[in-house]
Every structure is written in C-alpha cells, then in structure tokens.
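In structure tokens below, several structures.
Both complexes shown next keep subunit A, but they swap its partner, so subunit B is in the first and subunit C is in the second.
Take a look at the complex of A and B:
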C-alpha cells in the first residue's frame, strides 16, 4: 500500500520540506512565480479551512468560499469606502467577518435539536455560497459582475505592502502560524473529541459530549481561517469578484483537499500547490479541458484513493495521528464517519 | 394580470416538479443524493440542442433526450455509482464530480454561450380575454401525466413493488429473488431519464447554457428536503411549493431579493421541520 514500511514520521518530513521550499523559493523565482506561490499559500488557508471541517470535524461544507469571499468583500469595501488598509486592522477584520459568518451558519445548520442529516449541512452550505454569489453578482454596491477592482494595497504604518517578496513572507508567516495552531489543535484533547465524533458520533453523545457544539466551534474556527485567506487574497490581487465567494471556489476547496489528502493538514497544502500548478500549466494550453480533468480527478480520487496523494506516502496509522492506542479497524470506518 | 401570473407560476412550477421527480425517485428509492442531477438535466437540454443543430425536428430531440440520458445514467450506475451504495456521503462527492465532468464537457461543446431553442409548438391559445403559450400548456400537461405515470409505476406495478422492496430491506429483497443490483440500475436510469426529459422540455423556455442545471439543482434539493425524503409525495409537494414561491415572489418584490428569499425561507423551513412538511415518516 504505502511506500514507507519503516515507519518514519513522513508527515513531519513533508512538513519540513514544504516549509523549507517555501522559505527559499523567492530567492530563486522571478516576480511572476513569487506572486503565483503567494496565491497558492492564500488558497492553502481556504484548503486548510475545508480540511478542518470535513477531514477533522466531519462537516461536509460545500460552501467554504462563502466565508473566504465574504471576508474578502468586507475588507474590499472597507478599504474602498473607509480607507482601512492597515494590516493590523484589515486582517483582524477579515478574520472577524469569517468568524461571525461561519458561527452564524454553523449555529444555524449544526445546532439543531436533533443531529442534522449530513445532506442538510451539505445543502445548507452550498445554498449559503450560492446566495453569496447571487448577492455579489447583482448588488451594485458590491460591483456586480465585475466585482470590486483596484482595492488599495495593504499598509504597515505608512509603508504600502505590494505583491512580491514582502507580501510573500507575510503570507508565509501567517500560514505557518495558522498551520501550527491547527496542528496543535487537532492533536489536542479537543482534537481527540473530534476524532471520536468522526468514528462514532452517537457514542460521544452518550458519553455526555455536546457533539454539535464541538462541531460548531470547529466550523467557526475554520470559517475564521477562510476569512483571513479571503482578506489576504482581496489585497494581494487588488480585486475581488463573485467567483471568490461562489460555488466554483467552494468546489475547488473540496478538490484541493480531497486530492492532496483529507484529514492531514499538509495534504491540504500540497493539494493546493499541485492542483494550482498543473491547472496553470494546462489552463494555458487547454482552457476548456482543464475543468473536465478536475472533475474527473475528483471522481477518481473519491472512487479509488479516498486518502488522496498523501495516502500514497503516509501509512494509515500516522495519518490518523496519535492520541493514545491506535484504532484496530481500518480506513473504511474513518472515511465513512 | 392575475391570470397571467397564475399561468406563469404553474408553468414554472411544472419545470421544478419535473426536475425534482427524477431527483426524488433516486433519493427516496435508493438513498443516494445525486448532486449531479442538475447536469443530467443539462444533458437532456443538450440533446435537444444537438438535434436542432443537425436540422432534425425538435420534438424528435425531445423524445430522444430521456432515453439518451437514461442510457448515460445506466452506464454510470454500472461503472461508478454502484460503488457508492455502501457510503452515501462519498456518493454525494462522486455524483458531484460526475456533474462537473458533464457540465464542463457541455460547456466546452457549446462554447460557453447561450443558445436559444425554439418551441416545437409555437403560438398562443386564446382563451377569452387572455392567451397562453401553447408550448407551456403542453409542458404542464406532460408534467401531470409523467407524475401520474411515475406514481402508478412505483405504487401499483410489480416493478414498483420490487423497487420499494429493494429500498426497504435489500437483504430480504435479494433472498426473495429480486436482483437488487438490476433494480438499482433501473431506478437510477429511470431517475436520469426523468432529468433528461425535464431538461429537454425546459430548454425552449430557459435557453441552453452550461449552468442551466446548477440553478435547478439547489432548488430541487431544497424542494426534496422541504417535502421530506423517502416518500413519493413529499418531494413533489416540496417542488410545488418551491416552484410556486420562486415564480410568485418576483411579482411582488425585487427579483433578486425574491430569488434569495426563496432559498432562505426554504432552508429555514427545513431546519424547523427536518423530516419535511408533507411526511409523517422519520428520515
């Protein structure tokens, strides 16, 4: 199955390798690729956000872009109309918008009297994203189809932060911080409860855990991370448009994570990198074929390798992580949870 | 014009009912939430477009579409969907992926544009003071007939009994010499055929674009949840409600707001009545 019978900590090796690559990359790349990788890192925040929902909390969110784009639009409007561009105001605001939106959606969809069927959550998040897209498309204040162009750049004090190495390292720092935070969280006692919920929700309920509250907290956290990503993307690209909030990006988040490897944080990051890079190379030559390939890729991953790219390298036990004694039963249970 | 409005509402509702019927059959009778359903609708619409492009009569395309789409559904069930019966959540992702492939393929084939398809039966019928489109009237009639026929098929025939048996207790059904695998394949193909019919009939009214199905997919799912999964009547009732409100709201408020309002109201209603409005059964 895996290429690693010896039991090395493959995930750790991958993490260090990715971090090292990201650290030195700007030195060897020209401006275009620095911007490209910055975008990849921002999208990685969205992927991590979806991974936390589906991979760790078992919440099928088909609308993660709602929080991403919602926060993006919020900071874009604030920058345009109120001239709020300071890093120390705009980014916390993006996080806050993501948090409030996802807390509301999470509360609405998850905190029901009876555990909601998964289709309700999936459909609810999908509808949320669709509503966001409709609003953004047709509300003149938000720029309609064209979105909000030429958003002023982020500033640190009086110093503007343009796309390029500075922005790159700021995003890298934020991504690293978020990554470490999530890594700690999913291996903490909180993460253990979530793992239990994924395995057998009803048993955790009988043990007295307020399962839906745990899920909602995780959903809100994931939404905040997506919000940060959306805020960063709005300032980095200098514009935001309805696709950033809509179903297309929500779907992409799903594809990134499932392709990279659901249930591992590094898998989400690698998935974004791989998909975006191949997408860029192919989209140039075959712009119409690429979305078809993406769909087919998703189908193949879902059918044959539910653990994604990471599943090729990382043994089940390590992917699962350690909270105590490893579980006896295989991946079927886990993925169905 | 209240009668105009009423006709408009009924006519739109019949489209939603047609879409929901196929989706509902698959969801209720197989327990699979087919997130690619919207794109089977699109495929039906595309079939008509191909016939139109080839210079063949449109009605021929509309007759062929359900069978063509059912065939595609049958092939997909045999190769892909059958792997998902054990894991309905994975099935959602899988069908969604299938949907993306179909949608993007059609987008590539039609060049990302809107294509108008003429109505096969043009003209209006004068009924005293007002007149209604002949084609829309025919669609309403076909919808009623198809719903009735599907109902009778599922509730009054041996095949329908087998289908319901395979849902209720697959193990027992198999031991009673019912090939559940065949039944599932048939049911799925039937649901896809209904989607194809819906797409074929609606394409003159909405014109063909790659995102034709997506819009109906969310509405149809809300309708099913609203009506209640697991019964025949539930989804149809939900579809009637969603269709009627979607078509009625723009007459009284800003159309964009109306669109969003329907979604919000539906999802709130589903949250308050998670088992559906028209069903006493548990999910």
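Take a look at the complex of A and C:
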C-alpha cells in the first residue's frame, strides 16, 4: 500500500521537489551545511551507480567503491605529482578511470558464455573492492593508511574551486546532468531490455539479446559515474584514504539505495540524504550508541519496506513504468474482427 | 526442403545418456511433434536445438548452418525461437511491452538507446495482440494474466519476429479444453512462414496440429513418421504398452 491514492506522478513530483530544494539550499544554509550537502550529492553519484547496477541491470555489485575510490586516488596522484587540477582534465580523467576499471572487472565477471550466478558477481566485486583497499593500505606511494592529504584544489583556468557554494553548484550541475542522462536511458528501449534482464534474464537470451554485453555496458556506465563521484570527493575533501575504496563504502552504497528505494534513481538520492542526515544528528545526540540506532532503523526499513522509503509514496506500477504506447481499449477488437 | 537436421545427437548428465544418438529432421513449414514418456529426452533435445545446452556429440544444422555450439542469442538471430515449458513472461512489464521487448531484439544498440524504433512497431504489436486475443489486456501487467493468457503471450513473443522455426515446449500445459482448441486455431496460420517442433503430452492436440511425429524413449528415437503411421506403429505401441 502507498500513500498516493490520487495517482499522482509521484516520482516526478519528488524529483522536482528535490531539485528545487537543492537549488535554494546554499542561500539559507551556513557554510558547514553547504559542505555537508555537497558531500551528500557526491555520494548520491555513488548511490546512483549502484542503483543502475542492481536496480536496473540486475548486477549485485558489492564493489562500487572500487571505481569511486580508484578514480579518487588517480586524480589525487595526478594533482599531487603532475599538478593536474583543471576541472576539464581532472574530472574526465576520473570518469575514464572509473570506466576502465569497471569495464575490466565487468569483462571478467559478466562476459561469460552463460549468465553467471548473482553470488559469483557479488563476491567478485566485493573481492575487487577488498583488493583495492588492501593495495591502498599497503602501498607507500598512495600514503598507506593515512591516504593522500592536502590534494591541491580543483581549478577552472587560474581560479581555484574551494569547498563552498561554487563547488556546491558545480556538483549539483553534474549530478543533475548525470541524473537526467540515466533517467532518459532507463526509460528508453534500452531501458526496456534492462527491465527484461532484471525479470527474466534467461528468456532475454532466447529472444536474441546478448545479455552479458548489455550488463557489461551498464556496469561500465555505472563505474564511470562512481569514478566521477570519487574524483569530486577527493578534490572536495582535499584528501583520499583507503576507506574511500573499500568494502565499507561499497556496502554503504548498497544501504543508501535499499533505504531510499531501489530502481527509481531518485530513491538513491533520497537514501543518501536521509542516512547521512539521520546519521549526523544521531551522532551528535548519542555519540556512543548512534551506529546501533542507525543500524536498527535501516534494518526496520529494509525488512518491512523492501522497496525503501520511496515505496511509501510511489505505487508499484509507477516504479516499473511503461515503455511503449498501448492501443486504446476496443481498438484491437475491430482489428481482430 | 529440410530446415532443421539433427544427426547422432548425444547429451549426457554424469553417467545418464539423456540423448543417445538422436537423428531427426524438420522440413520448412512442417509442424513436427516430439512425443514420448517422461524422461525420454524430449525437452533435452529442445534445449540442444535452442542452445540452452550444448550437445556432447553429434551435429545440428539449421538452414544449412552448423549451430551445434552456437550460443542461444545467435541461434535466435538465425530464426530459431523458443517457448519455455515454464511460462517466463516479464511479470512486471505490460503485455504490450513484453511483445515490444521481443520485437526489438534485432535492433542495433544505438537505435535502442535513442528509442527510434518503438513508434514503427506499434501496428505490428497491435496486430499480434489481436491475433492472440490479448489486445484488451495490453496495458495490464503480464503477471496478472491467467495461465492460459500467459502461455499465449509467450507464444506471441516467440512468433512476433517471424522466426523460421518455433520450438514449443508443452504449449498447452495447464490450459482448459477451450484454450487448447483456441491455441491450435491461433497456431495454424503460422504454417506458411514458420516450422514448429512441439513437445506436448496432450496427444489429441498433437494429432490435430502436427504433420509428423518423432517418438523418443530413453534418449533414443523409436519411430518417426506421419501421425497415422505413428498411430499404427508396432514399435511405438510396444514402448507405451511396456510401461503399463
């Protein structure tokens, strides 16, 4: 049951509401919260990348942080050692690193003759993330467990982009662009193929689709988006460390999306905002036990509302969507006669 | 003219020989029934033809091409279509979108991304849904259709791209007598452009619709011929009587 008896296009309403709120927020918030919401938007890119994998293509990836943190480390090293800080070079580089890493992992895990079991992909991606974390921890060049601190600022020409309203609006613009691109893609005929894969993967093969190729394409796209997020976070926070590439953040991406609502895109964004805000408030008020309270809350939502927070508002039918235009009632009777 | 030809097909699961040197052929436009007791190898043979399993030995040729080791999607592109034994429509897509999904399977990736073909498919989807008596349900989710209607939807999906060969694994399982009759009526006009291999336990249905039958028992072809030849076959009678 949802709280939408009037049949409004709830997802669209939520999308517009979230965008409007994000547009005006810096005007009414102090510097701390502008930075906080900027981080939320960057993590939303990671959450969207996981939603594309699991919510749309049926790929259970427990390793999205590998592409996020991998790209973060790459741009951090390039900025530190090669002084590459231009937004027009560093961010495309982050996307490219995310793309190459995810394409490599996807090729290995997904491009098999027969569709691999979900558990194989889940464990494979988890292992990838773990290897990335161990590498970052043990490699002196990457700063070991301290990571890479004092990363130079991102620049536009000679103008540095520090954390604050300018960085905020740049991230908002990128998030909006990525969101619209993904929204368009998942509602296209390509999106219909993904919906088919998610529901009856083996059937799609016998219809003539190269299912594994479609999944690999989506995995690489998702990895590119995670890479962009990792690049942004490295420059925004000014440092990157092994947790940004490891299994903890990978698992967090899963929780963001499960909490917000899988397979809706906007659910991923809302999930990040809700968890980060509730986590912050709980940590402030109950510094000793806040992880237990947050964990219990997440457990309740995941157990009793598997469709996430979004499932409270969005009818099942709207979440699945429609891809083609059906004939009007009665039209076919005349054809059949 | 021969469309499908299987020679010496062997499939094993451990020590069990599910198919033991099976040979059979299907001509263009022919409706060919595969019958036999449970465990005789009918579904295994269908899987080997469709590409769900790769035969351990032997060869399968389709339209002059050796397809023995081709993956299923390449066989589908050559014109082989399959309806599964267990209904496998997309339950959370509309009936219309299920057919669209089947129809666009041959489109290029960039056309799918740009969504430029779906408008052109509208009339063909509508025509297909009308033929399968589903046009009234086109905007419903496939998962809420009755079992018989789901079977029809799956056959519609298998036929909408006009394949050369349709493999039907128990198309009338779970259907009412009226639905079985309607299924035979729906399939009959397909004959002019598509051959069929049908696995079915309903012998009345097989008798009504098929031109030729192949009888399997324990992975071996017992006999093959027209419906009346098989009905009078001593070898077939022995197989069935020996199980009574």
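FYI, the second predicted complex is superposed on the first by the 306 of 337 C-alpha atoms of A that agree within 3 Å, B and C clash if a C-alpha of one lies under 4 Å from a C-alpha of the other, contacts with A are read in each partner's own complex, and residues count from 1 in each chain.
The criterion applied here is as follows: a residue touches a chain if its C-beta (ideal position, glycine included) is under 8 Å from a C-beta of that chain, and two chains touch if they have at least 3 such contacts.
Here the structure is a predicted model, which means the values were calculated and not measured.
Of the two partner chains, subunit B is the only one touched by A:303; subunit C is not.
With both structures placed on the common chain, the touch criterion links A:206 to subunit C but leaves subunit B unconnected.
Once the two complexes are laid over each other on the shared chain, residue contacts for A:138 go to subunit B alone; subunit C is not touched. Of the two partner chains, neither subunit B nor subunit C is touched by A:31. Comparing the two complexes, residues 335-336 of subunit A contact subunit B in one case and subunit C in the other.
Those residues of subunit A lying in contact with subunit B across their complex are 60, 62, 108-109, 112, 114, 116-120, 122-124, 126-127, 130-131, 134-135, 138-139, 247, 251, 254, 258, 288-289, 291-292, 294-296, 298-299, 302-303, 306, 335-336.
On subunit C, the positions that touch subunit A within their shared complex are 50-52, 71-73, 76-77, 81-82, 84, 88-97, 100-102, 104-107, 109, 111-115, 117-118, 121-122, 125-127, 129-131, 133, 135-136, 138-139, 141, 157, 161. Across the complex, subunit B meets subunit A through its residues 33, 80, 83, 86-87, 89-90, 92-94, 96-101, 103-105, 107-108, 214, 218, 221-222, 225, 256, 259-260, 263-264, 267, 270-271, 274, 283.
Of all residues in subunit A, only 113, 185, 188-190, 192-193, 195-196, 199-200, 202-211, 217, 316-317, 320, 322-327, 329, 331-333, 335-336 touch subunit C in the complex they form.
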